[in-house]
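Chain naming follows the written order as A, B and C, and within any one chain the residues start at number 1.
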Amino acid sequence: MRKLFLPLTVVAAGMFMMAPFLIDGAPYESTMGLVQKIFYFHVPSAMTMFVSAFVCGISSAVFLFKGRAAADRLAVAAAELTSVFGIIVLVTGPLWARKAWGVWWVWDERITSTFVLWLIFNAYLLLRKYGGAGSERLAAGLAIFGMANVPFVYWSVNVWRTLHPKTTVVPTLQPGMRGPFWFCVTAFLLLYVLAITARAHLEAERARLEEIYLSIEE
Amino acid sequence: MSFVRAAWLVVRKDVLIEARSREILYTTLFFAVACVLVFAFGFVNEGRPITDAAPGILWIAIAFSGTLALGRAFERERQHETLRALMIAPVDRPALYVGKLAGILLLLAMVEVVIVPLVALLFHAPLFTRPLLLVALLAGGTTGFAAVGTLFAAMLVRARSRDVLLPVLLYPITIPVIIAGVRGTAALLQADVDVPMARAWISMLVLFDVVFIVLALWTFEPLMTE
Amino acid sequence: MSLDFHSLALTGVTRTFGRRRALHKVSLRVEAGELVVVLGPNGAGKSTLLAIVSTLLAPTGGDVRYGDYTSAMGAALRARIGLLGHDLYLYPELSPAENLRFFAGLYGIDRVEERISMALDRAGLSDRRDDPVAGFSRGMRQRLALERALLHEPRLVLLDEPFTGLDDAATDALVGRLRQLRASGCLTIVVTHDLDTVDGVADRALLLHRGRLLDVANEGEPLRERYRAALAHAPQPAAGRL
């Protein structure tokens, strides 16, 4: 990964530079027009966020039951990225909603589930920060619960919501939109892989620093 | 030492302590009543309650007072480090979780016996037209809330800022329970009672309870050992 | 009893809390019938040591063996360990008899009422068996907590400051009890500051200093003097540490 990191970073940067041209070239959606183009960033960030949430949940389970410190480092990196991509989703969603439906916030099942998930992983980060010594284990428990909670949140919000916007965008993409859309998804996932690698690496370095501090006292 | 017997001993001990001091029951009960009253000022307009306010108020009161009861129940085990004594006892540790959960459920049941009629009365809500469905909703919802809450409160015993972290952790996870409770209760309150809808929510609550109790039993021991 | 052991062996046990090192490569062996006293200033890691030996806390490094077993034995091993913690582990709302009955149940003890009566006799609390513990003095609670920790006749006895709050008579009784434990083949570890009291009961004394276990001379002067000498020779932290 270390050897690949720099070339992949260049690739990711190139893809993000190319993305606006591809999005510009994609056909206009018949009813929403220009507004629909935010989807090329909004949906890939949401996908990345959900991937990140599951990475955090699974590595937390590995950490809790196998005691692998590396899994915990991956979990904390994933939790932070869940929070970051969640912010992108929660900002771009309302921007689109304002133009499409005239309101900033709609209680659509996807955006609401995203909000709940975002809260859970911020709770994870708060627990690690303010819970004191040993809180990484407790946070791992929360992440497992948070992951198991996703289908329940999605289903309950889906039945509960009163407004029914059609959000089945991905399957009904027009042919000319598919290329740029999946291009953006790839770019976001690549960015995610790079970011989580860098962040987990930073955490590993920090762990090494702790060991050095301890060994100095010998 | 069988699992069930260990859990039973813990419940009996908690009931005995609570019967003696009644601290958690009284404080939680009055807190729940105060909650309902505070909501009344927000949701009663010109002497008439807003339609559909009752289910929300009922479930938020349950969630808030439940959080308080959970915090107090484990503060009691923390004060003289009795939780450590339980942890070194030669019993299956998940049995301790089951015992504490059962104690919390008994307590919340008593709170609900008071606040459900109170909400029905104050907010003109015909809550008792389908008593069995209502009881099923309350049982399913309270169990789900307490199942997650008992695990979180137990594991937070050795964390700093535990008072504020408990709701921060617990509320996002239990959002499906709150939605199911509120919408299920609202379905019962309609002029034309929506039984299939109430049943759907009850099924979801049962599924939620099963999934999260299994998860809690599975994670209790690794979460409680440092 | 299905599980039993006759020695306790700690090898290179280390425990860190973040950047703080509570225990550093502690090695210790205790045999059946031996009573070991662990001395040391506050914050030296004594409570951490007891928590690890009682399986409440997992070590960061090193291992702990109970005869042929490890803490992986779980409940069966815990049944043979008795811990008197600094916080006494008693429910103040319950009476002494109720506290003992609850724990007797968890430990699956037979002849419960008879053993409770004997324990309350030893603690000198027979006349107050049904009063809530909340009204008891520190010394009374301390006596009760000791009986609670020993109710299931553990093989391994861990006592954290057992003399706290005890009057002279109770102290003498406890010293007698410690001799009994030793004679009956228990492995006993006592963490204490009451040097003069344990002088003569203990087989060995050890000094825990900044998470390291150091020997205290076994012969000669009173324990107090030997403790001072050991403390004076303890390695001091390097100057200019981070």
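Observations on the structure shown:
What we mean here is this: contacts are C-beta pairs under 8 Å (C-beta built on N, C-alpha and C of every residue); 3 or more make two chains touch, one makes a residue touch a chain.
These numbers were taken from a predicted model, which means no experiment stands behind them.
Identification of common neighbours of chain B and chain C yields A.
Interface comparison, A-C versus A-B: the higher count of C-beta contacts falls to A-B. Farthest chain from chain B (centres taken as the mean of C-alpha atoms): C. Centrality by Cα centroid goes to chain B. Taking each chain's centre as the mean of its C-alpha atoms, chain B lies 38 Å from chain C. If each chain is reduced to the centroid of its CA atoms, chain A and chain C end up 49 Å from each other.
Centre-to-centre spacing of chain A and chain B amounts to 31 Å, using the average Cα coordinate of each chain.
Residue positions of chain A touching 2 or more other chains: 134. Counting partners per residue, chain B has 226 as the residues that reach two or more other chains. Note for the complex: chain C touches chain B at residues 54-58, 75-79, 81, 83, 85-94, 98, 102-103, 105-108, 132, 148. Chain B meets chain C in the complex at residues 1, 5-6, 9, 13, 16-17, 20-21, 80-82, 84-92, 225-226.
Those residues of chain C that touch chain A in the shared complex are 16-19, 21, 237-238, 241-242. Interface of chain B with chain A (complex): residues 148, 151-152, 155-156, 158-161, 165, 168-169, 171-173, 175-176, 179-180, 183, 200-201, 204, 207-208, 211-212, 215, 219, 222-223, 226.
By the touch criterion given at the top, residues 64-65, 116, 119-120, 123, 126-127, 130-132, 134-135, 137-138, 141-142, 144-146, 148-149, 152-153, 155-157, 159-160 of chain A touch chain B in their complex.
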